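Residue numbering begins at 1 within each chain, and the chains themselves are lettered A, B, C, D and E in the order written.
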């Protein structure tokens, strides 16, 4: 007989949804003066988040520096060999110097190496690809990143909206038939690996029936023309299957987190009070219940961006989508460390950026975050 | 509590699925060789080029004429092995780091919490991918270590929060003020309280480990001589199974992955219902029945009175 | 069974200072400051205790009342070595207490024990009552032997009226009612034969119907074990019921202290008066025509973050004068009984002499 | 359906199957003058924007439309060179001096004239610094003196040693670069985004997913007159290109995935597939320097232990089984010794006997055992070839069923596989054993020991570390020193080599390699039968793609 | 205008009774039953409750924890949430405008709307939880005002809200504040102000002051009483603090185990309660001004609603229990003045029956009494 400790919601560390102050010791007069200062100091929460993200960014830069240097197989040698094999001649002295500077010259003190690395990075220079030498990593990423961002952002947001909306519906009146049907179903959906579902979808929709293209981000026969509607339409058409996959595996977790949150919220006193006030049901559902239930889901959205990128990376491989994921897998197969590192750095920065954007919106949504604990 | 937990239908289904796969992992290969009489490597020359499920090959053959079922059975072993091992490693790190941070407070906590946050905000798969890629051709153990070594941050955060709240709870303070030693408080008094968090976390890590391994294998990372679900999908995809319509080759491993994930979701859902009874679906059903019955009773009463 | 009630009589309760000997536990001018942040996130200092003198005597129950945040719990935790004073000292039987961890701390806990507010939280729900209590016996009397330990555990349960002990030994705290749990918690503190019991709102989480039993138990233990009890409460009526002395706290200071009946019937400090008039009294039931309390003008909680000269209560005080905030807070002591008050109001009565 | 049984000189059965699978009918259909080619590039499906094939990294596909070599190799006769940018060449001084005469009607696509300076520049960096003194390893430099250009159309190369065979690799792998563009650049790290070549193509647009190349009007050679542009798109992974060709989105693509003959050709009327063996061979190289494969008996037993015709059938891409020498029985028909003129067959009993005689046994675990020592074997392959991923498990299973030998099938990514092979850290590895390009190329590509450094370790281009018998070594030297027109002599030397390979079994030939290609005749027709042409219709071989473009014509509706 | 002064006039018990006699019925509850549906069985937390409430009456409801006070209150306001359900009974509401009484227990949510807040409003125990944390205080006032009086302009509603807030001593500028920016006591007062927003006939208060300090509690009570005196609404006031109820209520209902066991004026309950449970409960509060005597609590613990003892629920803890008490459930009957549900006093038994039972009890004392602990 053991009693699992109940999960203590307040204890879940940096959960901004926790009540900002549990001490009643707040004085009337002081409060009046405070309303202004609180508006000024309102973004302490954001400041804290920003500090966190900066730490993560710095850590990832350090990790990025450290990884190739402490992993088996020496990327510098790897790259020199790669060039030797390809060109039949060893790289020039200057090249070797550059390669070693970036990927670790065993003869140079680590601190100096780090300094070189940082200065290069500060210039926005991610180095050159080993596989596609001398193409710069920046160039490869610049070409791939927009596609990935497009996939990741749209699919995540779409999945979030669908899941949250359905969850709010189901959680408002749980236990109904739709709930009994959709909730277990979405539980199953959420456990489908994105890459496998993608495979099935490609197989069925592209190979078996040919309704959708099985590869690429836009119609090859169209030029990339950012002013032509055809180009956008074809890009949209090509992204239907990836979106479909990502939304199916993505929406479910929002659905049941929203559903559960909604059920809990509907039981909150303030929703009861809203009911007692005789407000119209619509208003209670949207303004009182859903809005509050939404907050944790929103935090979740911010935190899920990193994970969303993972799913996108895998899905890109299946849909042969010319994004970061394809670039990364290609680089991995060729052991193109510079590209792998650059991509990772990009992915981290992108996910941190999303986090921060989501956090900023969150601050607008939840006034409590504008207060300090 | 445990009993109540085990009585929930969702939990039972979830645990049953995991149990079935565990059994498959233990006895599958044996079953494959002795009962089916095949190994994944064995080629059936009569069924080259992938033949659909049928009497000889219950799940069909691959494009090399290898038995898909045998692959599945052997693959289950690798996948579950990775799942369990990475979960053990991950849970260990989770608990040690989380509890350590939660209990020590002060600088140690701030440092460890920073580490946890950094890892938690990392897109771990990218990291996993790159680290695993460095150990090309890594065997299952190495893959497990890498997965376990990277996938601990989320859990550690929870454990830390839990320990912190436990540390602040009166009963730990009370134990201190009766002169109990710190070590004993942590290990004997507090640990059992964490089990409620650790056990679902462990399950979740198994599923995560299995999935991560599959994703890595799908991308071609890992030892190609160890059959696993991800490797099956990878081979099916690279060997044109989609175009050739050999669906029996890539559907079963994916389904297995789904089921594992589904099982842990179910268990966690059940756990939610325990800790938050408003979510209990059983209760919702009872409520529906009750309301129906009272409505019927009152209607009858009205009939009688009128 | 409960021993016959000791009638808490006015005359008995007033024991002259000199007769009481050295206090068992004593706080001398302690200050406790906590770091905190204000609403705008700026760091501030919370003066949880701001120069407190307090002494506990064997066989005496001392009540501590005051509004939320006035520092009552902080005193208890200070005595239990959970916090350490920012300045000032704690004396145990006249000796300054300066222990931090280890054996000395254990020895201290053999004398001073803390009873917590929430019996649902202060017992480990996963352990049997037997383990909870016998563990303490084992810690402090390691050489007792298993059999004696078990016997002692049973005795302790009996002491807190959990009879027969066998019925409770193998149960889990979750199986007991709140009052029973609080008794278990008390039994655990008694396992060490303490000289001092610090009870921090031991009944506030309990139902009205069982509160009194726990209070009575404390009162009886005071008699039978000759312990000193610090009883912390919000409820001045229960303080009156149980204690020999009452200390009234406000904003980290003991603003008034004295024999119970003295405080209840003739409070000097305006805050004590406010507290008394605000407390519900069954005798003033509606329809009784009893005189009603004064209107309560203002109920703001105190802010202890600012350094202030004089009296913290001054801005709420109906009788405040300019000197309340311009001069240092005085301390008046009664010549007739052991009554002290930190308010200029006492100046007018001949009975009081200024100490500070 | 199409096994390796079709020997002889005609193109393989699959060519007929595939080629004839596509039917063309009358009337021109609208194709905008654009030919869409699917190109396989590494795992990532984005083209790198770099056409510098002499640079440090992978370059974009389609560079065969820009870069051209002096000569090209005929597909009908293994070693014959066909004039291209070069009109003729002549060896003097016993093969030490080669004089090239160039065409005079060639221009670069930026309008500059193509001259001997360009050839001198290109060959100059290929052959490196001239000299006459051996280096510290005792190797002489290639060139005795700098390349001379007596006039705009003449190039004189002076070697230190006779090099009658050097033009073959030059024709295969070394296109001529524009001196006026490249001379001041760091060739290895120049990212060429605007290739200036002699070929028919001019780059008009580049995007990660599509390379648009227009056909220039002032091209010296000949391409289909209806062809206005070539667009190159990524082929994706297995299955992608097939379905795109089937839909008509892509017209032509190199390669063929397992089962292509059954699945792809049968899918639509207009789908076609061909397979031209090009004289190269894929085989399992055995480490002759270590482990059980050091023993020739083991090597021969392994070679005899698997039936490669079954394997060929399983692959379903219509390749043939080469002879035991590794040479294709079709292309090299005239050169092969009588006893080697048939595709290799299995001899299980013989294999077992060989093992037993040499004192080897196979233990319960399926490992080779000798003198109480057990040797587990692994077969390494590079994991990015779907055909081999399909066929090699079957080879492994053959050994298992025939000899009871359990060889671990180990597909590896290129970057693990390559170094392992180069360093000799393997027992069995699948690689190209005989190169295309004639008798000399066929046997020397991986057998000349080439040692170079990988980091601190030494690698060997002769992956199997096979030490050839003296006779074979002499035969090789003799070939390099025999003028190409003395065919009989060359055949004689070649047969010595054939015998050596057959006797020593340094590798197990698995499949005769070649050019596979899938196409649709929806928009373009004219991809010819192997018997009709003397080139390999492949997308990325210099000159071959140009030849193919010449033969294309719009499909008549 | 701030309501800070305590009510001046003090009625005697007779005056109170007369006033109640004079005023008309507002709420008439008959046989109300509320069940909680749980996995381990249905808990009947309100069992056959009969109550009448007059206009302007302050009815106190007291009882131990889990005696069903909140359940009753929620049922009266038709505010039960999962898993509670009103399973039987009628709640007749007599509108003050003289229209026909309605049984609000049978109305559905839409039909209830006109009663909510304009007729019946609530003050819940935890103000912190009852105010929606992410909606500004002002909106929480104006939305209810404008829902029930759509003709009122936003500005007018705001003015009304300001007036309400000032009435409870909160400055009007706090309307722009979020609830968490207010101290606990202020939140509680704001909630009370909110409950008066639509001039209700009945305010249901569930322990509105338990969470605050004594001084604050007193201040809030004063404000409630002053407002009540001025506006004349009726109050149902739930608390476990009997001594508080005695001070403020016209009549008090004592609940035990889901049943009302006694109803009477404060005066009667103070000095001559008819039910042993009431007496015991009354004794559990030590006096502040009367002489201190040793008191004792009620032996045993409150009944488990899933396994109620046979007969009177209190019989197992009752010092006066007779054999019949363990067999039959006593009815809540009118006595003069008030009502009682104890065989000793409710007149259910004839005099000889009672005497007989008493004799039987005294013959076998202590038999049914539980141990003190």
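The definition used in the following text is that a residue touches a chain if its C-beta (ideal position, glycine included) is under 8 Å from a C-beta of that chain, and two chains touch if they have at least 3 such contacts.
These are the chains along with the protein names UniProt gives them: A, B = Peptide ABC transporter permease; C = Peptide ABC transporter ATP-binding protein; E = Dipeptide/oligopeptide/nickel ABC transporter ATP-binding protein.
Treat the numbers as computed from the prediction; the structure is a model and nothing was measured.
Peer 1: What's the minimum number of touch steps needed to get from chain B to chain C?
Peer 2: Shortest path length, in steps: 1.
Peer 1: Counting hops between chains that touch, how far apart are chain D and chain E?
Peer 2: 2
Peer 1: Tell me, please, which chain's centre (mean of its C-alpha atoms) is farthest from the centre of chain E?
Peer 2: Computed centres place D farthest from chain E.
Peer 1: Between A-E and A-B, flag the pair that has more C-beta pairs in contact.
Peer 2: The greater number of contacts lies at A-B.
Peer 1: In whole angstrom, how far does the Cα centroid of chain A sit from the Cα centroid of chain C?
Peer 2: Spacing between the chain centres: roughly 53 Å.
Peer 1: CA centre of chain C versus CA centre of chain E: separation in Å?
Peer 2: So the centroids are 32 Å from each other.
Peer 1: On a C-alpha centroid basis, what's the spacing between chain A and chain D, in Å?
Peer 2: Roughly 44 Å separates the two chain centres.
Peer 1: Can you list the residues of chain B that touch 2 or more other chains?
Peer 2: 136, 192-193, 220, 237, 242-243, 278, 284, 287, in rising order.
Peer 1: Do you know which chain A residues sit against two or more other chains?
Peer 2: Each of 1-3, 21, 24-28, 31, 34, 38, 207, 267, 317, 328-329, 332-333, 335, 371 in chain A touches at least two other chains.
Peer 1: Hey, what residues on chain D touch two or more of the other chains?
Peer 2: Correct list: 237, 239-240, 243, 384, 413, 415.
Peer 1: Within their complex, state which residues of chain E touch chain A.
Peer 2: It comes out as residues 77, 79, 81-82, 109, 112-118, 120-122, 124, 126, 128-136, 143-144, 147-148, 171, 173-174, 176-178, 180-186, 212.
Peer 1: Enumerate the contact residues on chain A facing chain B in the complex.
Peer 2: My answer: residues 1-8, 10-14, 52-53, 55-56, 59-60, 63, 67, 71-73, 174-175, 180, 187-188, 190-193, 195-197, 199-200, 202-203, 207-208, 256, 260, 263-264, 267, 303, 306-307, 309-310, 313-314, 317-318, 328-329, 332-333, 335, 340-341, 343-344, 347-348, 351-352, 355.
Peer 1: Under the stated contact criterion, what part of chain B meets chain A in this complex?
Peer 2: 1-2, 5, 113-114, 117-118, 121-127, 129-131, 133-136, 157-158, 160-162, 164-166, 192-197, 199, 207, 211, 214-215, 218-221, 233, 236-237, 242-243, 245, 247, 250-251, 253-254, 257-262, 264-266, 269, 271-272, 274-276, 278-279, 281, 284-285, 287-288
Peer 1: With touch defined as at the start, can you tell me which chain E residues reach chain C in the complex?
Peer 2: Touch list, chain E to chain C: 4-7, 10-13, 15-16, 64-65, 183, 185, 213-219, 222, 240-244, 246-250, 265-267, 269-270, 280-282, 284-290, 292-298, 301-302, 371-373.
Peer 1: Which bits of chain E are touching chain B when the two form their complex?
Peer 2: Per the stated touch rule, the residues are 35, 37-39, 42, 82-83, 85, 87-88.
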